[in-house]
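Two complexes follow with chain A in common, the first pairing it with chain B and the second with chain C.
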Partner chain A sequence: MNKMMSDKKVIALYILPSLLLLLTLVYIPIVMTGYYSFMKWDGIGRMEFIALDNYKELLKDKMFWKSVYHSFLLAVFSVISLAGYLAVSLVLSGKIKGAHLLRKIYLIPMLLSSVAIAQLWLRIYHPSNGMLNHFLLFLGIDDPPNWLADPSIALYSIFVPIIWQYAGFYILIYYAALKSIPASIMEAAIIDGANPWQLAYKIKLPLIAGVVKVTIVLAVVGSLKYFDLIYVMTGGGPNGASEVIASYMYQKAFRSFNFGYGSTVAFSLLLICVLVTWLIRKLTRSNEEIQY
Partner chain B sequence: MLKKKAHSWLIGMMFVLALAVTGCSSSSSSNENGASPEDGKKVTLTFMHLWPAGSSKQHYMIVNDIIKEFEKENPNVTVKTEILENEQYKNKLKVLAASNELPDVGMTWAAGFLEPYVKGNLFAPLDDVLDGGLKDQFVSGTTEAYAVDNKTYALPLELNITPVYYNKEIFAKYHLEVPKTYEEFKHVVQTLVKNGVAPIALGNKDRWTGSMWYMYLADRIGGADTLKNAINGSGTFEDPGLIKAAEEVQNLVKMKAFIKGFNGLSNDEAKAEFTNEKAAMYLMGTWDLPQFTTNEDVPKEFRDKVGFFKFPVVEGGKGNVDSWVGGPGVGLFVAQNSKAKEEAKKFVRFFVEKWGEQSVTKAGVIPATKVNTANVDLPQMYIDVLNELNKASNITLFADVQMNPEAAQTHLNLIQSLFGEEVTPKDFAKQHQEVLSKTQ
Partner chain C sequence: MSGKTEASLSSFRALGKRIGMAIFYAILIILAIFQILPLVWLLFFSLKNNQEVFNTPLLALPSPPRWENYVKVWVEGDIGRYFFNSVWITAVSVIFTVLLASFATFALTRMNWRLKHVVLGMFIVGLMIPVHSTLIPLFGFFTKLQLIDHPMSIILTNIGFNLPITIMILLGFYHSLPRELEESAIIDGCSVHRMFFQVILPMTSPVIVTTTIINMIYNWNEFVFVNTFISSEQYKTLTVGIQNFIGQYTTDWGAIGATLMISVLPILIAFFFLSDKIVEGITAGAIKG
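Moving on to the complex of A and B:
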């Protein structure tokens, strides 16, 4: 087997299939999108090269910047919610009763498909028959809000299910990281007289800092390119009040049939994601590599 | 040795897998199958439609019957179908168009949808099919919706108008009459609001639903041509009639005429309010007629309660009561690069004629060809609608279909803001005018 792995041709043969797949499904389309973004194209007829006109328009496009703002807002909320997930994981990884069951309960939303979650929350938010407004009426609030129809709260109303949806995922990651901290370190700290707060803050958190960094990148990038629930629940409406970058891209390419401009939005999204990832990595870089 | 064999087998399998996955995007070419149209030779027509057996069973069965009949009369032709659901159909059509691989015969929508395909020289003109009597069979004004520069590029199969459906029982309970004028209509709304019944079910998340309300008000106040002219550029959207119509929409919103949270509800959710008898009125296309007449899945007690009325006239307005918002739905096109164009045209002609005979009785679809109500056995509501159709003075095509896609999106978003009272009627008109003159 070792002999085989030293043969460059064999290595090439083995990586070729997945390389082909990646190229055709990911990298070539990215290059194509970049190419289309310089074109005026309705998706059907002939393309016309217009150089940077799409990008110039993008810079002036108020709706685009509004969607960028909404995406970043989602990213901020997602990162804040990470703290909550971390707290839950810290509790779960301690030896409490029913931790096993609770972990499964937290994970279930992740197993549901986005569309199912959207349908569920659409029913919760329904202005007259919804669970939430029924409850508010029961509490004596006469005119409960129209959660998804009111432009001032529609976006935040969708943030709730998005954050709920990913809770299980991040809790699982943190839980696994916390569980991999060797018991000997914890025991040593306890013998030294550390209380549970100190244990969590001084021992556990620094030890899983690497994982936390990764989840921040995941949460930020995932938020920036988020699409599913927004598309199903409001379609970006009312009048763009809940539009994010990805839904705006879809709107432009597949609703307005402006593929050139849609590609420009898509490519800008990619650039934004790369830039933000790089920034986060740079800001959180540390030289210490933790080894157990 | 054995190890080596297993090793190369593994690599082989991976290649097959990679090719299978990467290759499937280009394997659905339609023209490989299209034989040359020489006489007596076998010809295969590819036909793409959007009525799957699951969700549109009756449509699907009629299509199959027509194909069988056509193949029987033309033994040298085989028709191969490909069926996709609405949204997927639209996406696939686009992809096929981009690679110039459209099916020989397929379905398209009117005006704004069709235009890019015609400009890309992908659809064949069908005027020769219309010659020789077929043209007269269509309800006037329907084929025109598929015409670009005086050439017709598709033949419509469906025609829809939009009456206001209402719940007779709720109306009777509050001693309400069917409104003939807009004042009476407002009275109906006020009475219902006073009694805690939601007057109108509207799902304005989908936006085209609200657009229909605006269009009717524009038609009744400004007259049938004002909106049309504003859209095609010969008039202006800042016409006082069109601004007045926008004001009236906001008046209705202020009166709480529409169900709570309408801007966040989809059309289906709004329809549920109407069918659950929580809302009294519902403005919708005649494509929903089966649900209010023949569909056994809807309780009979409810179906018996549903009636319809024509959108009332506005006093002092220029529109008349027999002017409708509506338009043809899907139509059949023939691909310009089809290798069997003659057979394809023959098929389209055959299909349109047979469809016209069967669609309304078997599937409840009102065809774009004229229906003689004397010899068909139909629920009364259908007969009434068909008779109204024969009396119609004008049919205004849905605004978002009339406009090009870019302007249509702006229109739909503005409709949502208008209903949400986020834009003034003046700005509503101004922004329309801007986008329409920019994209003309």
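Moving on to the complex of A and C:
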């Protein structure tokens, strides 16, 4: 048995197809992006090595830093909304009739394509005929804003559908984690006289701390690399007001055909994601690994 | 007297509890409405003409509902072709992803080799890597292989980028399979391959269904790769196709609504019948990752 399961040829046959695809489509491209980031390259002509010039330009590039700021702002909003999802899940996992159905309804937007969501919300935000302004006019607000064209609110206007898209996903995860807490622990706490608030704060939350940590990483990294809705709804506009790192990279590489500089932005995106993941894991290490 | 206060206190508490529950239900239901209302509105305006979109109440059906919007975009907008492309590209991608991921998970959980934890780690880290950090080299890579503007580029990237999540979902299930089964299969003289195809694969069918559904959703909705690698109309999938189509018909609300409804309908139908499996897949993938 052990001999058969240690046969190198058989192992290679089973693991190599997946591993080769992962290497050629994910890992090698990352290394190449790093390599291109030191080049001047339009994607067609010859590459020219320019050492750190792209990075020097990046440091001075106001639009890049603006997009970094917007991406982090989205991350902050996503993490704050996690608290809301957690509260909803605490309620939902209690004795709520229809909880099973509700969490499925919450999930529906997450299953739709980003393009469909973006196009739908473009209509919702439509200045004269959209659902939102229709409703605001009905309420007697005569001059409702032009949600996506006004640079001061365009970014926040896009945050709403992003949160709409992912709310059900996080509620689902928290709900599953809360439901997996053994009943015996809850019963013991209730016998000891814990009230519902104490149950939530002292028992449930610490027990699902590991899952909360995972969702924080997911929400932050997901926000930092977020692209789809922003690209379709505003393309980063108006005038860069909703530009994020990924949309800026896309614009530099595939619209301005500046592949060298686009790679610099893309590689910075990767470094930022890795760094932030590492930082969150380090900061939350203390409350790891709770066994029950 | 003290009994009386106690009784009124407890009835006060009961009332408080009921109000609390009412508030909880209200919050949960408002959230559900917020999640579902845009889609209901979409359904309504997909059945109206512009006149009716602008002048009738938001959530009212025109009489008669204009189903011709759907016929019109399906025929004129070539939505049928995009739809067909989405179907076959999704199908091919899903079959290969689930099969290759099953191979890999089998090797990662059942076989003995030195680097297996490193390889597993690479798949786990693969979950976190931003697609955009790979896009430029992939574009160059597919151009060199003459796969740019070819469906193969989409199928390959679909497989490569969904392998990690698929393996994560499979892992938990494979860990729970009893080893005795393999042992007895091998004692009976089974080869590793026969054991995998005749014993392991059939036993993992519940989780194969889950991963298939999750992969179907992800591939159906894929946008960035198609948008970057595919330029000719004949290979575009629904996501990019509707994006272009809507770009041309920005003023016809009914046509836009019908197009969007056609693109989301397969997912909504799948959800209606398979929601438990979808919930299971999403939860497993997220928590393992």
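Note that the second predicted complex is superposed on the first by the 279 of 292 C-alpha atoms of A that agree within 3 Å, B and C clash if a C-alpha of one lies under 4 Å from a C-alpha of the other, contacts with A are read in each partner's own complex, and residues count from 1 in each chain.
FYI, contacts are C-beta pairs under 8 Å (C-beta built on N, C-alpha and C of every residue); 3 or more make two chains touch, one makes a residue touch a chain.
Everything numeric in this text was worked out from a predicted model, so none of it was measured.
Chemist: After the match on chain A, would you call chain B and chain C a fit or a clash?
Modeler: Overlaying the two structures gives a clash between chain B and chain C.
Chemist: Please indicate which partner A:L74 is in contact with in the superposed arrangement: first for chain B, second for chain C, both, or neither.
Modeler: Neither partner.
Chemist: Return first, second, both or neither, reflecting whether A:N258 touches chain B, chain C, both chains, or no partner chain.
Modeler: Touch partner of A:N258: chain B, not chain C.
Chemist: Count the residues of chain A touched by chain B and by chain C, then name the partner with the higher count.
Modeler: Here the partner covering more residues of chain A is C.
Chemist: Now for A:V220: first (chain B), second (chain C), both, or neither, which partner does it touch?
Modeler: After superposition on chain A, A:V220 lies in contact with neither partner.
Chemist: For A:A154, select first, second, both or neither according to whether it touches chain B, chain C, the two together, or no partner.
Modeler: The answer is first: A:A154 touches chain B but not chain C.
Chemist: Quick one: classify A:L82 as touching chain B (first), chain C (second), both or neither.
Modeler: Neither partner.
Chemist: Scan A:Y14 for contacts with chain B and chain C and give back first, second, both or neither.
Modeler: both
Chemist: Considering only the touch criterion stated at the top, classify A:G240 as touching first (chain B), second (chain C), both, or neither.
Modeler: Touch status of A:G240: first partner only.
Chemist: Determine, under the contact definition given at the top, whether A:G43 touches first (chain B), second (chain C), both, or neither.
Modeler: Touch partners of A:G43: chain B and chain C.
Chemist: Touching A:I173, do we find chain B (first), chain C (second), both, or neither?
Modeler: In the superposition, A:I173 touches chain C alone.
Chemist: Pick from 26-34, 62-70 or 188-196: which stretch of chain C gets in the way of chain B?
Modeler: 188-196
Chemist: I'd like to check the shared interface: which positions of chain A are touched by both chain B and chain C across the two complexes?
Modeler: 4, 13-14, 17-18, 21, 24-25, 43, 254
Chemist: Spell out the residues on chain A that touch chain C in their complex, using ranges where they run on.
Modeler: 1-2, 4-8, 10-11, 13-15, 17-19, 21-22, 24-30, 32-33, 36, 43, 88, 91-92, 94, 96, 102-116, 119-121, 123-124, 129, 131, 134-135, 164, 167-169, 172-173, 176-177, 211, 214-215, 218, 221, 224-225, 227-228, 232, 245-246, 249-250, 253-254, 259, 262-263, 266-267, 269-270, 273-274, 277
Chemist: Which of the residues in chain A come into contact with chain B in the complex?
Modeler: Touch residues, chain A against chain B: 4, 13-14, 16-18, 20-21, 24-25, 42-46, 122, 125-128, 146-151, 154, 234-235, 237-240, 251, 254-258.
Chemist: If we count contacts the way the header does, which residues on chain B are in touch with chain A in the complex?
Modeler: 7, 11, 14-15, 17-18, 21-22, 91, 94, 97-98, 116-117, 119-120, 122, 198, 204-205, 207, 259-265, 269, 273, 278, 405-406, 408-409, 413-414, 416-417, 420, 422
Chemist: Which residues of chain C touch chain A in their complex?
Modeler: Chain C reaches chain A through residues 24-25, 27-28, 31-32, 34-36, 38-39, 41-42, 45, 53-54, 58, 100-101, 103-104, 106-108, 110-113, 119, 122-123, 126, 128-141, 156-157, 159-161, 163-164, 167, 182-183, 186-187, 192-193, 196, 217, 220-221, 223-224, 228, 238-240, 242-243, 246, 253, 256-257, 260, 263-264, 267-268, 271, 275, 278-279, 282-283, 286-287, 289.
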